[in-house]
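Chain nomenclature is as follows: A, B, C, D and E, assigned in order of appearance, with residue numbering initiated at 1 for each chain independently.
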Amino acid sequence: METVVQHIQGVPLNHYILFCSLIFAIGVIGVLIRRNVIIIMMSVELMLNSVNLLLTAFSAYSGDPAGQVFVFFIMALAAAEVAVGLAIIVMVYRNTRSVDINALNRLRG
Amino acid sequence: MSVFYFVAFLSIFFALMTIFTKNPVHSVLYLVITFFTFTVHYILLNAQFLAVVNFIVYMGAIMVLFLFVLMLLNLNKDTEPLKSNLVKVMGVIAGLCLLLTLAGSLRVLEVSDPVTLKNPDIGLVGNLGKVLFSEFLLPFEISSILLLTAMVGAVLLAKNDPKKA
Amino acid sequence: MIDLVWLIPLLPLVGFLINGLGRNILSKSLSGIIGSGVVLVAFLLSGGLFAEVYHARQAGEAAAFTQSLFEWIGAGNLTIALSFLVDPLSAIMLLIVTGIGFLIHVYSIGYMKHDEGFAKFFAFLNLFIFFMLLLVLGSNYIVMFIGWEGVGLCSYLLIGFWFKNSAYAAAAKKAFVMNRIGDLGFLIAVFLIFTTFGTLEFAGIFPQAAGMAMGDTTLLLITLLLFVAATGKSAQIPLFTWLPDAMAGPTPVSALIHAATMVTAGIYMIARSNILFTLSPITLQVIAAIGICTALLAAAIAITQNDIKKVLAYSTVSQLGYMFLGLGVGAFTGAFFHVITHAFFKALLFLGAGSVIHAMSDEQDMRSMGGLKKHLPVTYLTMLIGTIAIAGIPPLSGFFSKDEILAHAFAENRLLWVLGFIGTLFTAFYMFRMLFLTFFGRFRGTAHQQGHLHESPATMTIPLVILAVLAAIGGALNIPSALGGSHALADFLAPVFADSVAKSGAFHLDHSTEYILMGVSALAAVVMAFVAYRRYVTKASIPVADDAPRGLLARLSYRKFYVDELYDALVVRPLNALSVFCYRFIDRRGIDGVVNGFGKAVGESGKGIRLLQSGNVGFYIFMMVIAVAALLAYGIFNG
Amino acid sequence: MEFSMVNLLSLLLLPVFGALVLAFVKQATAAKRLALSVSLLTVLLTIPLLLNFVPDASMQFEQRFAWIPSLGIHFHIGIDGISLPLVLLTNGLVPLIILAAFGHNHSGGFYALVLFMQAGLLLVFTALDAFAFYVGWEVALIPIYFICALWGGENRIRVNLKFFIYTFLGSLFMLAAIIYLHLQVPTGDYELTSFYNLALDSATQRWIFWAFFLAFAIKMPIFPFHTWQPDTYTEAPTAGTMLLAGIMLKMGIYGVIRWLIPVSPLGFAAYGQLALVLCLIGVVYASIIAFKQRDAKRLIAYSSIAHVGLIGAGIFAWNVQGLQGAIIQMVNHGISVVGLFFVLDIIERRLGTRELADMGGIAKPAPALATLFLVIVMGAVGLPLTNGFVGEFLLLMGVYQYGVWYAVFGGLTLILGAVYMLRLYQRTMLGQVTDRTANFSAINRTEWLVLVIVAVLVVGIGVYPKPLLQLSEAAVVDLIEQVGPIVKH
Amino acid sequence: MSAIITLSLLAILVLYLGLFKARNMLLPVSLAGLAATLVLYALQWGSTAEPLYSGMVLFDGYAIAFSVLCVTVTALVLLLSKDYFDSRSTHVAEYYALILFSLTGALLVVSFHNLAMLFIGIEIMSVALYILAGIRKKDFASNEAALKYFLMGAFSTGFLLFGIALLYGASGSFDLAVIKAHVVDNPQAVSPLFHAGVILLIVGLAFKVGAAPFHFWTPDVYDGAPILITTYMSTVVKTAAFAGFLRLFLFCFVPLQDFWMPVLLVMTVITLFVGNITAIVQQSFKRMLAYSSISHAGYMLFAIVAIGSTSAASVLTYAGAYSLASVVAFAALILVKRATGSDHFEAFNGLAKKNPYLAIALTVSMLSLAGIPLTAGFVGKFMMFSNVLADYQVVLVVLAIINAAMAIFYYFRVIVAMYFKPLDRDQVVVSGQYRTVLLLAVVITLVLGVYPAWLTGLI
């Protein structure tokens, strides 16, 4: 256990932030460049996870457990969202036989 | 501390793979790997409990759900009509802009004092449990509503009505 | 007696109301009697008034009585009372207005007998008398202005009396509008007077003015503006063209309004404010110039006109020109004297012409008249007197009044006299031309008209006779000292013009020159009468048809020097064009276009913006990301 | 608030109740009767107002209730010499307008809207609280919109929407200004008096001036904000036009006197001249346009712009004569314009056209109409002994004291007005009877009654304007002193 | 708190009712439950509010007022839904339950005192809505709306969370009190994390209230979702979101106003113009209302731009007025669409002839939305303008004025259609519930407009 702790000793907080921002950005890019709704959802998950890590890092940094507790709620949300989202996708797929977001352009103007 | 950078590199790499692979199933798998690297990060931060939960909930439940749906709608082969390259490039550029501005506004390049675990065992189940059921009791309870809602909704939407209403 | 002044204008008003409201109930004779009756009473009252004033004058008093009825408008330091002023000037004017007015009312009973608008006609006449009396009696410029515009209204109504003929209606409108141009001048003058003297009461203004310097610029402005008003009302250049057209009205109207009374309002007004004018010599010169020019121009036109009323109309304009000449050369008494005599003989002539037209069953072109003297003896005789009078042949009234003016003109500036003299030549010629063409030679009308010829009824001839008498002896009012006269009128009016006389110095011309002038003009008149006789009786030459070729001068004169056409081209057409332009281009396309443009712009931009709502989630998210990046960028620099 | 035996509020509420009842009356004749009686009742309520009014500068019959206390808003109404004539005008004209509409057999809704609008107008004319003023201002707008758009001509929809948006835009600027002023008030209320007592710096007052001016200029309308007006007047039903031209446009003028100038004297000092020039341009411009109008209603519309322009000029000249003239001319214009539009309505209903070309010679079949019309026309032309003259004389005098040439320029209305008004009269009444006008039926009792009342007022005020002038004299003098003499730039 | 508990239990109860096919019980029960909630809130009113559950929620006047508003409007919506969903869907019970869940979330959002609660509240609210938007499973539009809403919602949640994380990182806590203390102690020297966090929070919340440039989901989702859901979204959800938005900023970020105010200012202006200008060119009444809701979001943002003591009252008034008017508008739309099958403006032609009272109601609501005096909408706008002017934002007001004038154009289109475009149509049947709702809403709108004192006095 001590050995593990040794490993992160000295990683500047900013590097954590940068790393999380990177993952977050990757998630955003994923949302932007993919048309498959499921992949988009996955990218969103990526974004959420970056937040999780960020929170954990902060909580570790400030030695306050609240941050890590908050991660639970985010996970709960993630679960809920995935459930609902996939349900919606299934429903849509049933009607349109497609999970391509570009197919969703009846409503416009 | 080099471990952190190595793992970070891995997660970034696999995250990129996730979003750039054509085949959805592959990207799910890449995502799983990415999440695994996150679990490692949690361990490094000495948040064992989170690590475990992350391992189970994400890599377990959520990813399986994704795979399940993919298979259900049999999208396993790369049927996805790709967006035109222009859109892709624009997307990437936008994302990078976001990253830049984010990093910039967070002043990440300035030196900051390193993460030192003030008390190493906050990540332990016991401590978290205390906080969760004392301070964060209400949100905990309320989030049950969230899950219930999601459940009802999922059932409601995904279930295929027998009679054509 | 003085306390009853308010009755004088009130009576005609009552007559107007009775005739106006009851025009469907009253019988013609009844409304005729009422109409003329009220005026008669007014005349008698004025007579009494005049007597009082006269006695006062004999007693050597200034004899100016004012009666204030009620305050009409009050705003801040401005208070305008409806009040009357009776002094020698207004007393005489009262007599003329009511007297001649009465005669013409009587005359109209006969003249309008067959018109369905009989009661309406009398109502309007009464209304006119009412306003004219206000104009005359007003003790301040506003009351005068009320009358001033009121008579304009009545002339509008009466010119357009036969409104079914749209040409008549147009003439009426023309008259009103041209008067309005003058009225604006009047109004501005009133403002200027008020700001200068702080009051609008004559009694308050003139004494102050008397104290002012000769040639004061304010006074100059005031007088010029007032004169503008006068040109409108009294048909002087440049606003004279409405008067000939005004002949569209029934002849009694022409006689009353457009010869005897209303058109002389300008002279009355200037005579009223003589002191202001005396103190601004430039204005006087302008007036004199305009006056003489009008006199000549109108006379020149009158020479070739064939419509009997047109001839008289232009002669009126020309005579008015003489009156202004008189004012211009400071012969206030003379001018006013001419107003009186002119009222007599011109009313007479118009009524005579009316009787002729009546007999000719509404034919007005002299070319189809002729030889009427045996059919209409009374008319002929009376008109003969009138003609001699206007021509200025002694001893009839016209001679004296015109002579006095010319004498002053001579004293003022020889040139003016020469021009005036030429004018008298014209006058004599066209008047006798008219007389001869109408009454001499053989009848040129249709057989039907011939069978219909008759002398007019007594209601029409009696006024003619009375007026003829007046026209004959009217001169006696003010016989110059050169002829052993006593300047009765001048003495009577002395207090009115006292200040002016004091400023300008009494007029003097030695008797010998006066004799010469009189002789010359009288002789000239006779000669011209003879010339006319040779041409139209001996040679019996008839004026050619309208479209027949004429010499340049003749054509100019016949076409009235194209003044109307000129105004049409210079004023009317441009204004109409401007109106259309403003409406179509500036208002609709320009201003309204801008207003609507905003609406259109919004609509268009809406069409543009809605394209952003492409329905494509990817695009939406893309926009969101860009926005977030932008906000964060802001954060970088302001964080 | 001392007890007064006149309850102003009841005067405001009566039309509202009348409207509420009328809204449910379907049957035409019943609606007519009810509407007329309600409006006559308001007249009755006005009489004690007139009797107990003391012609001094004071504010009278005041009533003040808390409305939105948390925002410092009160429902504060009262009457002084400046507002009384307009209240009289409103309550006097509404019965006439209702009477004039009898020919059209409208249902109750129509009269309900008219009465509702009356309430709004009365609120505008009596409000002493800026918020109340604004509320009245807008409330008057809704009914007239519906009146015009429901019973108007063929492209009424577009025209009225434009009218509504245009005026609404203007009034919103006013609202902004009002709120701004309120925020400057130390006592934190919307009282007229506290607005008067604000001494803001010149820069602020300038934009305040414009904010108010825009609202009022559009409403009056002053050149160049007038383009909605001819269309609206032409498209609107006669009653609507009467309300618009007869009363509603006075809201703008009243606003200028009551709010614009006293609230932003420095702004007025800076831009008063410009405003005055705009008004005068409007006078001549509109008159010239009126020359060649083929549509009789449009002609009157433009003439109304000209008249209003002169009124505005008189106000911006800011002296006793000008203001007095403006106030009395507001009344006069209201009266004569109602008369004029009513005559046109009579003609249009009989001939089915407003084109001057199709008319002529109506005086022959309908002499009574012709006579009364003549009186009204002469009133509009401003002939002495008609009401028009009193107003125009005072106005021009006021403008003259501001500047000679302004007066000369504005005085052109004497001539131009005569031109187009007489043209109107000539083309309609005089000339040959056309086949259209040949069987023109004479006017009936109601029409006769309305016209006679108008004509009597025209002459009556013209012959003895003093009482009317006395009502406002003191208040006007006081107001001018308060704002101070005009500073020319 | 008991209110929220009641509500969540009520939702579950309703689910059970659905299980036992007790359809006709649904509405009465739900209404009774809502009434109970109202009562509970009313009881709490006036009592000095303390943060409960270790500072998770705070039921102060602000929270209660907004909660009451949300509950009331929801009740109205439920009243409307009686014969709206019965005919169409088999999942009435779920529908009621989800609405109630979502309402619970909304109530949490208006009364949160900890970012965790804000987050969870928003999510409960939204997740329920994702489902509701798609509740017409066979209807493409409904599907599309649901998916769009879900995708973008989830995406924006990411930003919201990142923001919260950053705030936490900067201040070390999720508790508003602590964060406030953090800001107050060093308003100048707050870390860049904090600033970025605020910005990201703005993004997340702006998305929820549908403010430009994060408004893109609004028109499509409002258009695609079933009308009643749209009603609920545009009234209750928007209100709650705004309440939360304002509450957060009022509590914590006032000292940083100089930093975030310009951002919101720009967003407000864009929102106003986008909403109004696009609404003008719409042909569908429903879509027009969607855009108008965007523009109203713009007006409500005024209160945050010019944040101050009066902001809360203004937002409450404005939201109330707007919600009532929208309920009326949408109710009318439902009726008309049922009769004609179209939600375009033409569908309203000649309505005034056949259904005068319905027409009047709709007219009142339109006037209220347009902000004409003597309607609640005017009072709302008036208070908003007052706020902003108090903050000397003259330019903003001028722009707002121009927008308000533009708005007349599209609000009056339906009035024009109803009154001035005659068309012989058959009468629209208005059921009892609809009468009640319309009457209630219209009366309140007018009363608020004539004598708003009793509402503005609340806070």
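Here are a few things to note about the model shown:
We adopt the following convention: contacts are C-beta pairs under 8 Å (C-beta built on N, C-alpha and C of every residue); 3 or more make two chains touch, one makes a residue touch a chain.
Computed from a predicted model, the values in this text were never measured in an experiment.
Note on interfaces C-D and B-C: more C-beta pairs are in contact across C-D.
Each chain gets a centre from the mean of its Cα atoms; the one farthest from the centre of chain A is C. Averaged Cα coordinates give chain D a centre that lies 43 Å from the centre of chain E. Separation between the centroids of chain A and chain E, computed from CA atoms only, is 28 Å.
Work out the mean CA point of chain A and of chain D, and you get 67 Å between them. Chain B and chain E have Cα centroids lying 31 Å from one another. Counting partner chains per residue, chain B has residues 83, 87, 90-91, 94-95, 98, 102, 105-107, 135-136, 139, 143, 146, 149-150, 153, 156-157 touching two or more of them.
Multi-chain contact residues, meaning those touching two or more other chains, occur in chain E at positions 116, 120, 123, 127, 130-131, 134, 137-138, 146-148, 151, 155, 166, 192-193, 195-196, 199, 219-220, 282, 406, 409. Counting partners per residue, chain D has no residue that reaches two or more other chains. Those residues of chain E lying in contact with chain C across their complex are 147-148, 151-152, 155-156, 159, 192, 195-196, 199-200, 202-203, 207, 213-214, 216-217, 219-220, 259, 262-263, 274, 277-282, 406, 409.
On the side of chain E, the complex with chain B involves touching residues 8, 11-12, 15, 52-54, 56-57, 88-91, 94, 97-98, 101-102, 104-105, 108, 114, 116-117, 120-121, 123-124, 127-128, 130-131, 134-135, 137-138, 146, 166, 192-193, 195-196, 199. By the touch criterion given at the top, residues 610, 613-618, 621-622, 625 of chain C touch chain A in their complex.
Here chain E touches chain A in the complex through residues 116, 119-120, 123, 127, 130-131, 134, 137-138, 140-141, 143-148, 150-151, 154-155, 157-158, 161-162, 164-166, 168-169, 172-174, 193, 219-221, 223-224, 282, 287, going by the rule given at the top. By the touch criterion given at the top, residues 1, 4-5, 7-19, 21-30, 32-36, 38-39, 41-43, 45-46, 49, 52-53, 56-57, 59-66, 68-69, 71-73, 75-84, 86-91, 93-94, 99-100, 102 of chain A touch chain B in their complex.
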